[in-house]
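Heads up, the next two complexes both have chain A, just with different partners, chain B and then chain C.
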Partner chain A sequence: MRQKKYVVLKQRRKRTGILLCIPAFLVVAYAIYMLGYALVMSFNSNMGVLSGEYHFVGWENYRKVLESEEMRGVVGNTLLYAAATIVTELGIGLLVSAALRRNLRGSQAAKVCIMLPMMMAPIASGTIWRWMLTDRYGIVNHLLGLLNIDGPMWLADKLAAKFAILFVSVWTAAPFVILVLLASISSVSDDIIEAARIDGAGGLQVYWNIIFPHLKSAIAVILLIRIPDALKMYDIVYILTDGGPANATQVISFYVYNKGFTSLKFGEAAAASFLLFLFIAAFSVFFNSLVNRNKKKGR
Partner chain B sequence: MTKKKIFTNIYTYFILIVVSVFLIFPFIWLVFTSVKTEVQLFEVPVKILPDPFTIKNYIDVIQDGSMMVYLKNSLLISVLTTGIALVISIPAAYALAKIKFRAGMAFFMIILVIRMVPGVTQILPMFQVLTRLHLINTRIGLIISYLPGSVIFMIMLLRTFFMEFPQELEDAGMIDGLGTVGVIRRLVIPISLPGICSATLMSFLSSWNEFMYASVIIRSPELKTMPLGIQSYVSTFQIYWGKLTANAVIYVLPVVLFTIFASKGLIQGMTAGAVKE
Partner chain C sequence: MKKRVVSVLLCAGLVIGAIAGCSGGKDAETEKTDSKSSEEGDYSGQTLTIAVEDGGEYALWYESIKSEFEEKTGAKVTLVGANDEAVLAECMAKSGYYDVLTMDGPMIPQYASLGYLMPLDDYIDQEEIDDFFDSTIESVSWNDSLYCMPYLVHGPVIYYRTDLFEAADFDHAPETVDEYFEMSKALTDESQGVYGTIIEGKQSSEPVSQLLDKLSQFGGELISSDDPSKIAFDSQETIDTFEYIMKFYDEGAVPEGCSSYDNGDVQNMFLQGQLAMACNWPYMWSMVNDEEYSKVVGKVGVAPQPGANAVWSWSFGISPDSKNKELAVEWCKWSTSSEIIERLSENFINPAVRESSAKNAVAAITDEEDAKVLEAMNKSLEQGVAPTLSTNFQELRTRVALTLNRIATKETTDISGEVKTCAEDLQKILDEVQ
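Here is the complex of A and B:
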């Protein structure tokens, strides 16, 4: 009798769970529908999407995208930015989080300064950087001039434009990396460090042997969040260089957007965007399983 | 204090100051630019301090009136999106955190997959669908497009907060005759309020800052949000930097104030999902 009552209660609880999830599920279903729609679109001809008919073209769109010269450059750029920004951010993050850990006077103010860029709209940060990087009237080249360095035409020179994008993306995303690392580094107990000090370990040794291993899972999380984000970059490129000069700063999201909304080739755009999704999903699943396996090994 | 300690302190301050200046300088420059005259902006060599100081850009921008429209639209859309997302996400996050059921586990897996879909993959079909439903160039269309992202973000974050909610408290509530909805309303929400606040703030910011979807969905000037307003300054033939920066200052000011006053909660919200695993 009691057993039966327990089962009924459990059943009821499950039913409540489902009911509570229904509104959220409807919203998520909309997103699922869109994803399916994108998949269907990627097998439709460009004209078909525009006229609202369906001309099944098989892998045609995917083939076109993968074979195009432009796409190769775009993918190269995207991967390059993702790698370069994340390495730079991690470098800055490790350095600054270690500095903030010492909790000197003024650290709180530094934390607020560090947060601000992350909160700001990318479109606004892109705008202000664009003004700062103007070649004759920009403050960056003026400051470089004070150091007797002749600043490049930041947004018109191919190589310099790449660095400009890198610079601004690091500026917007480094704060996140710093804060996550700081949260993790703050949980290293002072006692362990004190003990190592007494045993005669130097500052670098302490960092490398005690603090750094502690940060590993935080770094894994950062990579898991930041790499997909960096691959999706759009706003900054749009406002800063508009993909120019001569497509030198094109990235995938930007390419897809223009393929669709400027050239009206929605079939190809959908194919390219779906490839981006698959790449991100494959990366996340692979990386996640890698991290999990290491965690198990660690135990 | 030993010599070595003084040296490490100097070194620490050096890093903190350099990085803080790098991160904060664009904001200072934004404000400086907005209070300079148009003539002074194009002086070579560049003069750092605004001289003469002028608020003409702000007066122009406010008198022009379009900024007020953009601000109103941004506020309306962000508030509505966040409000609706809150009402939808809290129950779902509670169910996923506290109730073990197979459908819930499946739902959570779906959320994890959908979270990986890039915005640009979503916006292509959204444009087609919204056009067919005659929702293109409407505020409702934009809110509908923001909702999945906000809801998924909130569920993920709130779920981690709710998992910490003590089971004993919940049981006590149940014994005293609260139903599930009662437990959520009377116990879970008040106790998890800090977490809910930071989730709300972050979700609000993501709508407030969003550009790509808005640029596709919104066309008419009277419906534009702030990012679109700023973009329209940049894409014209001549860029009026003074007015543009005055606009940008007004746009980011609430965000800056939020950040300064709520920095602790925001840091917690941002790192909560990342550090616990």
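Here is the complex of A and C:
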């Protein structure tokens, strides 16, 4: 009798479990549908996509994308941005989270201020930055002028434009990195740090030997989320530079958008976006296995 | 095993459900309205969905007067702010979600050739068409078929600061390209933060429209008007145009960073009093006179550009997938009727696309300043050159934007080489649709 009750309860729990998973199934099903659709589209001719017909063109769209000189520059830019953004964000995140851990006066207010960029839509913050960086009437150069610094033409000069894109994307994403690191750093026990100090450890030693190892899994999570995000960057480029000057700030997502919605070459756009997806998926799988291997080693 | 089967069936059901959900718009749309109008003029119960430029001045104006059409027809009209991507996506899906599409002129050949626009020849009386200026009808036609009804055909005009002109002893607006340059240079006063003008150089489609103005002033073309299968960009006229533009950059008649500027920057700087002259669209006149945003109210005159300018149209077209075609045709007729165009022209002080409206609008304007402005805008329409279009004009424009930006940022100083390379690329792009 007791055994029977147990089985019924177990079945009911499983059923509830499946029911609770329905929203997740929906999300996954939709993602699979979209990926499948993009894949099918990438083997269709550009005209076929527009006319709603299917003209199988084999690898033609992939060949065109990979042979395109523009694409090569775009890939270089994208990788450069992703690397520079992540390194800068992590650097800032580690510094700020370490500073905020001390709970100095004004820390709470600082935390709120740091989170503000995260609450703004990228398209809105991009527009604000576009005006702030404009050389004639932008406040950035005006402030630099007060310090007797001749500000660069942020959006007209190739190097400055790259830096502007990097700066704005870091400004937008750094709060997330700080938030994750701060959550992780807060769980480091004060007693351990105190003990290390009694043993004669300096500030840097405490950070490097006690706090930093504690942050490794948080950093792994940040990399896993932010690298694909940085590789997909679009809105900031669209608002700030439109890919210019002279294609210097073109990134893959922007290239895909232009191929699709400006040139109406949706077959090629789908091929380029599918390649980007494969790259991100491969990176995620590789990175995950690396993290898991390190975890096992740690045990 | 049983559980596994149930799980698989559940997943499959969800996938199918999601797919069906994504493609089910058509059925929903079928329910939306019934295309059969009971009697002519009685469309009650029908809803007409019109895609309009999101936040556009003209869209807001049509929104404010749509009730008149609703009263007349009994139908409900919904103007939906939609960007190009949204409209294109609906057209590709053949959803018929938008009954009427607001069309930017250069997009018409592309949309018409893809079957995203319905030919209107059989729906509009010849008498009506004859009242439109020829150039306006040409700008909305493709392959000898009428695809849209124009409500606006315009080209950029020169806005100039009358106070600065007076102070510099200039008694007229520039009438030649050389005069435009000389005046820009003379009116530049960096110490006061005032520049002669702006020649937009951003790698974007808007500055290309301004480039085509200059190109027409030098007698050049992008696509050959004699043979639309040929690119005419690799010409001495194009080189002269770029050399002329770079004179402004090199001699400080424009702000140093204007190679990254587009329309919005020009408007901002002009309204803030930082420019003596600006080439911009007719709709900027209402912005100039808005005291909330403009520091130059009452200090601005308008003149046509020297010699020539490109003209572009805005119009209403009908989706072939619309379930309310008859009602959509009624909207196209009503919104471009002589009376409505006259009111639009008076309201925005913009050139009218119909002869009857143009006469009446000029007669109705009592303010002397507004009358002068409208005269200048009508002149810009008279001297306007409609660029030869192609079904992939957007792509051509994107390529030209790169060259304009490369030259303006001095990424290259070899203008003839850059023009030649660009022209070769443009021909390849054009050949793709031949």
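Just so it is clear, the second predicted complex is superposed on the first by the 269 of 299 C-alpha atoms of A that agree within 3 Å, B and C clash if a C-alpha of one lies under 4 Å from a C-alpha of the other, contacts with A are read in each partner's own complex, and residues count from 1 in each chain.
Just so it is clear, contacts are C-beta pairs under 8 Å (C-beta built on N, C-alpha and C of every residue); 3 or more make two chains touch, one makes a residue touch a chain.
If you're wondering where the values come from, they're calculated on a predicted model, not measured in any experiment.
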{"item": "Clash or fit, chain B versus chain C on superposed chain A", "value": "clash"}
{"item": "Touched chain A residues, chain B compared with chain C", "value": "B"}
{"item": "Touched partner set for A:Phe25, first chain B, second chain C, both or neither", "value": "both"}
{"item": "Partner chain(s) touched by A:Arg293 [first = chain B, second = chain C, both, neither]", "value": "neither"}
{"item": "Touched partner set for A:Ala156, first chain B, second chain C, both or neither", "value": "second"}
{"item": "Touched partner set for A:Ala124, first chain B, second chain C, both or neither", "value": "first"}
{"item": "Chain B versus chain C as contact partner of A:Val49, first or second or both or neither", "value": "both"}
{"item": "Touched partner set for A:Arg63, first chain B, second chain C, both or neither", "value": "neither"}
{"item": "Touching partner for A:Tyr137 - first (chain B), second (chain C), both, neither", "value": "both"}
{"item": "Touched partner set for A:Pro245, first chain B, second chain C, both or neither", "value": "second"}
{"item": "Which of chain B and chain C A:Arg72 touches, first, second, both or neither", "value": "neither"}
{"item": "Offending stretch of chain B which, after superposing on A, collides with chain C (from 164-172, 218-226 or 254-262)", "value": "218-226"}
{"item": "Chain A positions touched by chain B in one structure and by chain C in the second", "value": "14, 18, 25, 30, 32, 49, 52, 131, 136-137, 261"}
{"item": "Residue numbers on chain A that touch chain B, as the complex places them", "value": "13-14, 16-18, 20-21, 23-25, 27-28, 30-32, 34-35, 37-38, 41, 49, 52, 92, 95-96, 99-100, 102, 104, 106-107, 109-117, 119-125, 127-132, 136-139, 142, 145, 171, 174-176, 179-180, 183-184, 187, 203, 217-218, 221-222, 225, 228, 231-232, 234-235, 238-239, 252-253, 256-257, 260-261, 266, 269-270, 273-274, 276-277, 280-281, 284"}
{"item": "Complex contact set, residues of chain A against chain C", "value": "14, 18, 22, 25-26, 29-30, 32-33, 49-52, 131, 134-137, 153-158, 161, 241-247, 258, 261-264"}
{"item": "Touching residues (chain side chain C, partner chain A) in the complex", "value": "3, 7, 10-11, 14-15, 17-19, 22, 84-85, 88, 92-94, 110, 114-115, 193, 201-204, 255-261, 265, 268-269, 272, 274, 392, 394-395, 398, 401-402, 405-406, 409, 411"}
{"item": "Of all residues in chain B, those that touch chain A in their complex", "value": "8-9, 12-13, 15-16, 19-20, 22-24, 26-27, 29-30, 33, 41-46, 48, 87-89, 91-92, 94-96, 99, 101, 103-104, 107, 110-111, 113-114, 116-129, 132, 144, 147-148, 151-152, 155, 180, 205, 208-209, 211-212, 216, 226-227, 230-231, 234, 241, 244-245, 248, 251-252, 255-256, 258-260, 263, 266-267, 270-271, 274-275, 277"}
